[in-house]
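Order as written gives the chain letters A, B and C; numbering starts at 1 within each chain.
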Amino acid sequence: MTDFTLWDIVRNLLLAGRWTVVLSLIAFAGGALVGLVLTLARMGGLKPIRWLIRLYVDLFQGTPLLMQLFLAYFGAAVLGFDVSAWTAASVALTLFTSAFLCDIWRGCVEAVPSGQWQASRVLGLNYLQSMRHVILPQALRLAVPPTVGFSVQVIKGTALASVIGFVELTKAGTMLNNAAFAPFTIFALVALGYFILCYPLSRYARHLEKKLYGAGIR
Amino acid sequence: MTLDFSTLLPYTDQILHGLMTTLWLTAVTTMAGIALAIVVAYLRDGASKGRPSLVSRLLGGYVEVIRNTPFIVQLFFLFFGLPALGIPISATVAALLAMTLNLGAYTAEILRAGIDSTQRGQHEAARALGLSRLQSFRHVVLVPAFSRVYPSLISQCIIVMLGSAVVSQISVFDLTYAANFIQSRNFRGFEVYLVVTLIYLLLAVGLRLAFEFVGRRLFAFRQGGSA
Amino acid sequence: MALVSVKDLHKSFGELEVLKGIDLEVEAGEVVSIIGRSGSGKSTLLRCLNQLERHDWGTIVLADQRLDGAAMSPGELSQNVGMVFQSFNLFPHKTVVENVMLAPLVVKQTPRGEARRIAESVLAKVGMSEKVDAYPAQLSGGQQQRVAIARALAMNPKVLLCDEVTSALDPELVGEVLRVLEELAREGMTLILVTHEMKFARDVSDRVVFMHQGRIHESGDPQTLFTQPRTPELSQFIASVL
């Protein structure tokens, strides 16, 4: 362990930390996109579509993210693709994120009073127009705090990509530990890395929530 | 593409073993985590009335650290880090400790919301009857607070149960470990993980139903109507 | 020697002085109604008497014992002074009998069997024997308030404080609660009530105290006070509520 200075450890963790950030961004952006489509389809779609989306959400919320990663990794192989850990992690985390965001956003759309729907339909707006001009702008306001809050779960979720061999912050930590054997320092630094990424987002989400619901919330 | 689930059959014992481990880890953790959360919430609640004390700040730090770092890192930190400090710890104990600390932090936050929404009159009635702060917390505040946040509590316990899949990474023989084990023997990764994922899904549904059943007994007082 | 003796009681909330020097003596077995506009300080006075509010200045003596400051522990205090609230404040997760037994069990360390016996006897007194195992949510407001009275009585207090105990009730439920209080008064319980029920104040009280702007403005026996008010403030108040 004498071969590794603290700086070596920190530098390696920082380098790997980039991939945590990139994977988080991919998962969040992809998840938001898929989640948005799902939310819209769920709000307006036919019964069977709504039912399918609900099943999708329940499946992702009712199973371990780790299993989802394994399934993406091994499932692709069954389908005849040779996928990298990169692809498997991106796909699994995107789907995972989309399911949770779909659930959060559905709640926000439903929180808009039904009188708003009736009023816009009475004015002659069709479903998409009501959604776009009346419902979504109001739902959006409600959606921001929990969405920011969920981004913390996405970042933490990327740590599991280490298990299928994706080298991000956590995987770099275990690899460094195998070489340097300074587990206390290394995993404390890894935790610190996540904390630096997550804590500001947590604080911001709480701040937004307070602003939205007034000071009485906490 | 062909799926073959028959190669799983010889490994029923491993799956059952893993299932039992996941179940008892979850059961112990749920109880220990809720107990921890009650203590944390009580100590923080006391301090929130005035200037936050040192204890309250420390507990607040604990809650924030747990909530803003991944469970797998918490687990590795305990399992690899504590022995390096001269504190020997088995994989099972590390798993229990990590899961309990994790659930405790989240539940303390959830419970706090329930405690904060206690009506002032309840505190006053307790004080007028001569109950101390601890007596009032235990006999008057706690149960209604739990009843108000029970749905969030159920979700959090399920999240911890699902998250426990990660303890396979420190060689605790849980459901996921069983899946990894089988996969390494029969090379049928997808089939194995599909089956085990479904078992987790059933566990999640079962856990929710069990919690709801217990909740209906525990919080029967919420139902109005004639006696 | 009066049972309760309040001298020069002052209380402020921030800049606002709510009690500006209250002197009040209540004899054992006396029923005293405190009336006045909202904001006159009558509820604050009542809440100082069992130290839900700490007063800033003055003394409160109960049966020769100071009860203010740290002179009396909350446990001792609750065995001297009971309180019934406007909003009942029953504990929702406890049955009627559990609500009543809680303080004897936890504060007085009464054995369970004995606590149960006490609870049943006070519940009988307020006419709630039929509902011992009901939860508060299953009771009407009047029934809840009667249980709250029983809960306070279970500690066998020397004086019972009642803070607008009928104000949250539907009109048709007011009577059953007032009847319980009347019965208690007849049995010789010392009662101090803040109330808007002028008829009750007039018929049941031994003395009525009119508070105005943080002071006791007028007090006397109910007949005289209501029929011959000496100050214009009381005249106006009576005219506005009758």
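Convention: a contact is a pair of C-beta atoms (placed from the backbone, for glycine too) under 8 Å apart; a residue touches a chain by one contact, two chains touch by 3 or more.
Everything numeric here is computed off the predicted structure, so don't read it as measured data.
Chain centres here are means of the Cα atoms, and by that rule the chain farthest away from chain B is C. Here the chain pair with the top count of touching C-beta pairs is A-B.
With centres defined as mean CA coordinates, chain C is found 45 Å away from chain B. Measuring from the averaged C-alpha position of chain A to that of chain C gives a distance of 56 Å.
One inter-chain figure worth recording: chain A and chain B are separated by 21 Å, centre to centre, where each centre is the mean of the chain's CA atoms. Those residues of chain C lying in contact with chain B across their complex are 50, 52, 73-79, 81-83, 85, 87, 89-95, 102-103, 106-107, 131, 133-139, 148, 151-152, 155.
Contacts from chain A toward chain B in the complex involve residues 59, 62-68, 70-71, 73-75, 77-80, 152, 156-157, 159-160, 162-163, 170, 173-174, 177, 181-184, 187-188, 190-191, 194-195, 198-199, 202, 218.
Interface residues of chain B facing chain C in the complex, by the touch rule stated above, are 119, 121-122, 124-125, 127-132, 135, 139-140, 143-144, 147, 219-227. On chain B, the positions that touch chain A within their shared complex are 1, 3, 64-65, 67-74, 76-77, 80-81, 83-85, 116, 158, 162-166, 168-169, 176, 179, 183, 189-190, 193-194, 196-197, 200-201, 204-205.
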